[in-house]
Amino acid sequence: MSGAALIEAREVSCTFTVSGGFMKEKRRLQAVSRVSLRIEPGEVMALVGESGCGKTTLAKMMMGLIAPSEGTIEIGGRPLASLPRMEIARSVQPIFQDPYSSLNPRRSVGSIVTQPLRVQKDPDPETWRRRAEEMMEFVGLPQRLFNHYPGQLSGGQRQRVAIARALVNRPRMVICDEPTSALDVSVQSQILNLMQDLRSELGLTYLLISHNLAAVEHMASRVAVMYLGRIVEEAKTGRLFDSPCHPYSEALLGSVLTPDPTLGIPDTQLGTSYPNPLDVPPGCSFHPRCAKAMPGCSVRAPRRVPAPGGGAVACHLHDEGAALDTVS
Amino acid sequence: MEKAAPMVSLPAPEPSPAALLRRRIFGHAGLLIGSAVLIAIILTALLAPWIAPHDPYDQVLDRKLIPPVWSDGGKATWVHPLGTDHFGRDYLSRLIWGARISLVIGFSAMLISGVIGTVLGVLAGFFGGRVDMVANFLITTRLSMPVVLVAIAVVSLVGSSLTVVIWVLGLLIWDRFAVVMRSATMQVRNLDFVAAAQALGCSKSRIVFSEILPNIANHLIVVATVEMAHAILLEAALSFLGLGVQPPEPSWGLMISEAKGLMFFDGWLIAIPGTALFALVLSINLLGDGVRDVTAPGGV
Amino acid sequence: MAAAPILEVESLNVAIPVPAGTLHPVQEVGFRVTRGHTLAIVGESGCGKSLTSLALMNLLPPRAARTAGRLALDGQDLLGLSEREMADIRGNRMSMIFQEPMTSLNPAYTVGDQLVEAERRHRRTSVTAARDRAVWLLEKVGMTGAGERLRQYPHQLSGGLRQRVMIAMALMCDPDLIIADEPTTALDVTIQAQILHLLADLQREFETGLILITHDLGVVARLCDRVAVMYAGQIVEEGTARQIFRTPAHPYTRGLLDCIPIPGKTRRGAHLGTIPGIVPSLVGSMPGCHFADRCPHASGACRSGPIAFRDGAGPGHRYRCVLSLPSGPARPDPAP
């Protein structure tokens, strides 16, 4: 562990109470359980996993929108819970998936992009418009759109507005929750290129949440794979995509459909369904779907151990102390 | 089929929301007719002292029950275009002054109930959980009370006057506001732009006032028109039962009530205020429907 | 191998009146689907791919007008059929699978009721026989405990299972053709792979024709025999999957393929290709190439009149462009 991480989650958990229905007992849904994640300045950290695995909940905790039930999150070495709302907003900003719902339809583009300055009570109101226009130009939006409304813009333009809004206060970190999955293919590449340019020019750090694994491989420097609220593997992008250690990472990466007509549809070897998060399997929560499951997997939860080739993995296959009788 | 939707939105730049709204308004016949009739009634009410030909309270007993000009009886005269009632009061003047009562009661009761219902509904929808439970309890309680019976009870306790009628109605008809505002708020609350505002550090009140309210205002306007029409009809009903506006005030409901004994001989005594009431309520409802149509999603 | 096409479409057009004029979301679309084969119609939102599929089923919105030179299912002309006759073909000889299985299954009925109803709407079979077929099909689509599943309601199933039910329902009447409109877009990648696997297997086993409407080039490359690329209401290129992905000829197809990062080929962190500009408005008539305004090779010839198809790299490959075939494969094979 070196220097100060830009943002660090330590053993954070998030539990929701779900009503079981009329006159039924309330149930606890553990959306995130004991996750530790450290993001260094300048990194692009990607969080991948199936829907319902807790990636969005983790991201919301990192923005201070949801308080963790356990554990702490620190921004620049200071606990997030003790920071004023405005200060968190200045350091971390989100970009959402759906640019149709992330912009208030009743506000003009100019009003949306200057909103962060207004909310932060920026001391120079006379510079707001100029700064917003500069930021719009920076993200590739013509200034004539300043007085337009979101309804008049295309999906790609809307996503650029959302990016301009996130960046106008110059945050250090941007949390991108599926930033391109609602966009057309030709627009996706424009937004990904823009995100790359902004990162190098503004020195941003990204937390990229995506199920588009091709985009993740293209953008990210490190990847964390989440399954049922836990990080099961974390490694540098190259290592993870070349030789995934956890059987789940392997299955997930194996199901990516690259546009290669000589290959058929991969067989993921995963059981049919994602388990109900209200009823997490005991031991390693992945064992019912795991092709390499061993008898001990349903009893003992795996520890997080250093993975061969770098990074960390939580799997009995790689924990020498726990399982020496592995069948390969 | 919903599949067609993205097609239409694609062809490049759409007109500005203001232009689009203008085009929709002027293409909506119901909205235009409703607003025209309502504006005419409001102007009549405002200008009552100048345009009413007679004093609405002035009783001239030897000129009572003159029929309106279009009837063929020999008594009809242009001095009293709509005739006179059984006390010899000019019916047109009473009708014109009566518009004031209907509008004042409708508007004030709508305002009171609108404030109560909106506050309750928005709070319930925004905070959810316990707040929502309490709000739901209040709404259910209110819905289980019969409006007319409660109004009768209150009026018989505290006596009847214009103010009492306004407050009774205002305190009784906020349920629709609360229900509609609650579900509208819940919908908007879960949209990403609200999360974006939270992430920008906006306070809760700022989110409610600048992010949520502008996006549910169209629902609010629609419910407001419905409730205004509702209040006007309830006032007429209460006055008809003798529990609303008291004589000799010229309320349309009261005019119908006063004429009910003569229903079979001089039907126009009921038909005229009835038609006025019908026109007012219809125009308000047309306006509300029109507002709903022109501000429907896709509009702005 | 029976080469007779199960579906023939020629010059299919759709016109929708809008306040500004007439929208032409589908223009002169033509293709053939063979029994046991898969045709992908691929394109970005607004290219007309979904409306094409609705036009085939005669399920267009009421205002939309459909015209076609020929539209035949297994040799039978569909153009002259009454709504009643068409209703008997839909769900029977042609069935459809939609993107969001939750909204296309009726939440008020059990899975079993809906499957049985899907067959008994078109066939005079007994409830028991239909139920047996439903159980058999649910097992075919990989659902465990099929007998139990019949009694479940759609909300009790996960997204992947619901999509399996939709596939089983589409197969209830043993159709000649299945149209799947973005069948896996709402699903996770792991489930997507399973569902596609299943579709491919069943389609081969039942020898149905399959039209897959999608925007996902990966799905297209892996699953489909033939590919039709649509842009702004027209098919701009058509060929086998190998022809389209190895020797794409139309500038739009090539641009689209450059937009997606391909592991092992695209340098990590490098700029991806982009297609500048926006899709043109399809209101009114547009004489020349629809892609001309965004095309790096556009010239005067592109805008002067309708663009005819040219022959591409091999048999059955054609593209709508004035340029001759680009030399050399645009996308070399991946290094071994």
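All chains are identified by letter, namely A, B and C, in their written order; residue positions are counted from 1 within each chain.
As a working rule, a residue touches a chain if its C-beta (ideal position, glycine included) is under 8 Å from a C-beta of that chain, and two chains touch if they have at least 3 such contacts.
None of these values were measured; they are calculated from a predicted model.
With every chain reduced to the mean of its CA atoms, the largest distance from subunit A is reached by B. Of all chain pairs in this entry, the one linked by the most C-beta contacts is A-C.
Taking each chain's centre as the average of its CA atoms, subunit A and subunit B sit 50 Å apart. With centres taken as mean Cα positions, subunit C sits 51 Å from subunit B. Rounded to a whole number, the gap between the C-alpha centres of subunit A and subunit C is 31 angstrom.
Within subunit C, the positions touching two or more other chains are listed as 45, 278.
In subunit A, the positions touching at least two other chains are 154. In subunit B, the residues that touch at least two other chains are 10, 12.
Put simply, subunit A touches subunit B in their complex at residues 60, 63-65, 85-86, 88-90, 92-94, 96-98, 101-107, 115-116, 119-120, 148-149, 151-152, 154, 162, 165.
Residues 44-45, 142-144, 158, 160-161, 188-194, 196-197, 200, 215-223, 240-242, 244-246, 255-263, 266, 268-269, 271-275, 278, 334 of subunit C are the ones touching subunit A in the complex. By the touch rule above, subunit A contacts subunit C in their complex via residues 50-51, 154-155, 184-186, 188-190, 192-193, 196, 211, 213-215, 217-219, 237, 241, 251-252, 254-268, 270, 272-274. Touching subunit A in their complex are the following residues of subunit B: 10, 12-17, 191-193, 195-203, 206, 211, 214-215, 300.
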